[in-house]
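Structures are listed in the sections that come next.
In what follows, subunit A forms one complex with subunit B and a second complex with subunit C.
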Partner chain A sequence: MNDKAQIHTLEGLFAATLMVLTVMLITRSSLIITPQSELSMDVQLKQTAEDALAILDMAPGTALQFNLTELVAGGNMTEATPQDNSLKPLDTEIDTQLNDIMYNVDLAYVENDTLTVKHAIIHGAPVENSVVATRPVTLYNSTVTQAGGAWNVSSNDVKVVEVRLIAWRV
Partner chain B sequence: MMVTDEGQISVDFLLGISIFLLTFGFVIQFIPSLFISTSAGGSLNPVAYRTANILADDPGWWQNKTNAQNGTDWEMHLNDISRIGLATDATPSTRQTRTPKMLNKTKILQVLKLNKTMLTSKLGLYNKISGSQVDYGYNITLEKNGSPMIINGSIISFGETPPTSQDIYKITRQVLVETGNIASFRADEVTTGSSSDKVIVNISGPQSEDVIIQIIDINITNPNSSFDNATLNGSLNIPSDYSVYKRTNTSDFIYSTTPIPLENSTDALRLIFNHTLFPINTTYQLELNFTRMNFIQIWPPYIEYTSKIEPLYEPATLIVEVWK
Partner chain C sequence: MAGIIDDTDGQWIALSGLTISISLVLVAILVNEAAITGYYSSYAALEFPKEKIREITAQTQESAKNAAQLAWNYSGGLHATNESVLNNFTALLSNYSAQMNTIYAVHGETVNITLSKAVFNSSHSIDIIWLNISYDDGTTRYTSEPEIIEVKQ
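Let's look at the complex of A and B:
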């Protein structure tokens, strides 16, 4: 029996351990795993969110009472809380478009040369695979006055507001 | 006999290389399975997605190679269709539309006339497997509030009934669907008859589609105001000839029975008259009778329904289901 130098066995074990560790490291980082079914659910969710904003934006007066611009213009500019949002009519309209989908709405705009993001509607904390749909609206002094909002837009100026709809399923 | 160790592989090396190769083999066959997704094998999700997108966002296309004509108004050229899309397009000669997601009524009704072979090929709902064509099953439906829409008496649904025992790939899109025509009047632009609580609208016949009249921005001065009924050329309509819907600041248009109380200036009325009331080529005079209302304009000529007519769009859901 020749029992000198067991080093080859140990080498083999080391190599095996290294490889198994590497594989474990890869499988544990969730980046790699993209099941197709989940991906298509995300696509559907994003599409629905974008459709909802687009329809609100494009709808003629006889289809919906207010379009997205009018709904945003009517905002009272207060920061929303989960109990009380600052854009109730917009909430009602989006709610009819997105039944059984949870969502928040943020408004992003430039004020005093800085980008301001204000929460307008809060329904909860978005989960990990939430999607965002955006749609810009342009506010004039006249649209704000007509909608009774509190936006500060001077009569020779316009304000571009990005409506961000964050949607997720629970 | 002489025993020699030369030429024999050492047990130690054999063990080492075996452990290494076994693990290596395992890793090699394990890694690809990490990337295989659960439903990648022949998923029709992309097909459903593509079909829904083309139907909702594209006006379609037709072309006739012999006389070199083309356009997006394929609904007028059913024999030369290249692609079926339902989006409204104001300029049929250019490929793009400014109104995606707004579905055109004529296009929708024309799709219902197409046969299955035509639909399958123009919507691309098939696959070529070793030279032979395999058609997918599909069902495309426009739904509003959970039930299929009905336009001009037709249920807007084409394709087959989805099977219950198969995987069905489904995409839904939110769209605006043209369902008819509407004339929307502000209360301060309607014409009145002998009294200020009677609105008169002229409707020139014949009308092939239901006449929808909407009155908004109603200035209510008396708390007991109401809408009572409508008469056509002096005689009272039976209630089944028309229906009235009322919108308040808390609800969308809901069916109401007359007399309908009007309490708030944000209230709006929508009256839907059956088109069979206007069968011949003449001018019909429609009277809307209110109680305790003060409409301003009095004198003829009376306002024309057709002067304010525009397509009526309603929010709806486009559902595309595809299966093998």
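Let's look at the complex of A and C:
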């Protein structure tokens, strides 16, 4: 037993206290870090979904055979089921855009002054962190006739349909 | 205690320990700041309705062009008058605006599209449309007054 190196002992104690304080600071920060990473993923997923609809809507005819308006205009107006999608060509196009991302598509439109929402594509039940991307398209009688759809649009009228793409990662 | 005061060995070790500890605290603060910045930037990116405003203006431009053509056709084409084309175009635009309003109201947003002015050419079809577009989601308000649309472009 001797009384040497007491400063070293105090230094060790001081350093240990600082390290504990540092670890506490980082641990408390994790409450902020966790939602930050989740939000970043949500932003990325929402942007991907928005881009997919924008590409389908605005791509030139040489890039895609049918654009979003034509794909929606060709709808047969039946409610989709998990086994039977009512807009198969649209499903094929979106599937090409969204690799490894699950999605459903709903169509919202005004009929007799009330908003009607129909499921067009169903691939499953959306999870908690799902995002929704929307894009309106305008249908005319000529567009519907050309696409062979079942929409009821008179020759001097327009029909605004909102395409709702609900996307999530599993 | 005399031993502690007189013992001056190991001062470099004590100093390096202090330096490393302070560095760790600084790094922790930096990480914390970066996380907070990321949180607020992600939140802002999700909340600001950039895509909504883009899609409303793009869709309105496209629809107004098509409605102008449809109004001209429905008014009799080359036999149309400026008044009949304007009446039909106003009715189409009003219908479009009402539907957009209902669809966006479901999201808690208001969209209003009105006709400000239409310029006709010699064949009684609309050349230039001046629209007023406004969008409000309670936080962000956007207005384009006028949104000038060249139909023949």
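Note that in this section the second predicted complex is superposed on the first by the 136 of 170 C-alpha atoms of A that agree within 3 Å, B and C clash if a C-alpha of one lies under 4 Å from a C-alpha of the other, contacts with A are read in each partner's own complex, and residues count from 1 in each chain.
Criterion: a residue touches a chain if its C-beta (ideal position, glycine included) is under 8 Å from a C-beta of that chain, and two chains touch if they have at least 3 such contacts.
Given the structure is predicted, the values throughout are model-derived calculations rather than measurements.
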Now for A:140: first (subunit B), second (subunit C), both, or neither, which partner does it touch? second
One more residue to check, A:125. First (subunit B), second (subunit C), both or neither? neither
Is A:46 touching anything from subunit B or subunit C once the two structures are fitted on A? First, second, both or neither. second
First (subunit B), second (subunit C), both or neither touched by A:21: second
Have a look at where A:110 lands relative to subunit B and subunit C in the superposition and call it first, second, both or neither. second
Have a look at where A:8 lands relative to subunit B and subunit C in the superposition and call it first, second, both or neither. both
Once the structures are superposed on A, label A:97 by its partner contacts, choosing first (subunit B), second (subunit C), both or neither. first
In the superposed arrangement, does A:155 touch subunit B (first), subunit C (second), both or neither? second
Give one of first, second, both or neither to describe whether A:61 is in contact with subunit B, with subunit C, with both, or with none. first
Can you list the residues of subunit A that meet both subunit B and subunit C? 5-8, 11-12, 15, 19, 22, 26, 32-33, 35-36, 39-40, 43, 54, 58
Help me check something: in the complex, which residues belonging to subunit A touch subunit C? 3-8, 11-12, 14-15, 18-19, 21-22, 25-26, 29, 32-33, 35-36, 39-40, 42-43, 46, 50, 54, 58, 108-110, 113, 115, 133-138, 140, 155-160, 162
Please output the residues of subunit C touching subunit A within their complex, sorted ascending. 3-4, 7, 9-10, 13-14, 17-18, 20-22, 24-25, 28-29, 31-32, 35-36, 38-39, 42-43, 45-46, 51-52, 55-56, 58-59, 62-63, 66-67, 70, 74, 88, 91-92, 95-96, 98-100, 102-103, 106-107
Once bound in the complex, which stretches of subunit A touch subunit B? 2, 5-13, 15-16, 19-20, 22-23, 26-27, 32-37, 39-40, 43-44, 47-48, 51-52, 54-55, 58-65, 96-97
Contact set on subunit B toward subunit A in their complex: 5, 10-13, 15-20, 22-24, 27, 30-31, 34-35, 37-40, 43, 45, 49, 56, 99-102, 169, 171-176, 182, 184, 214, 247, 252, 268, 310, 312-315
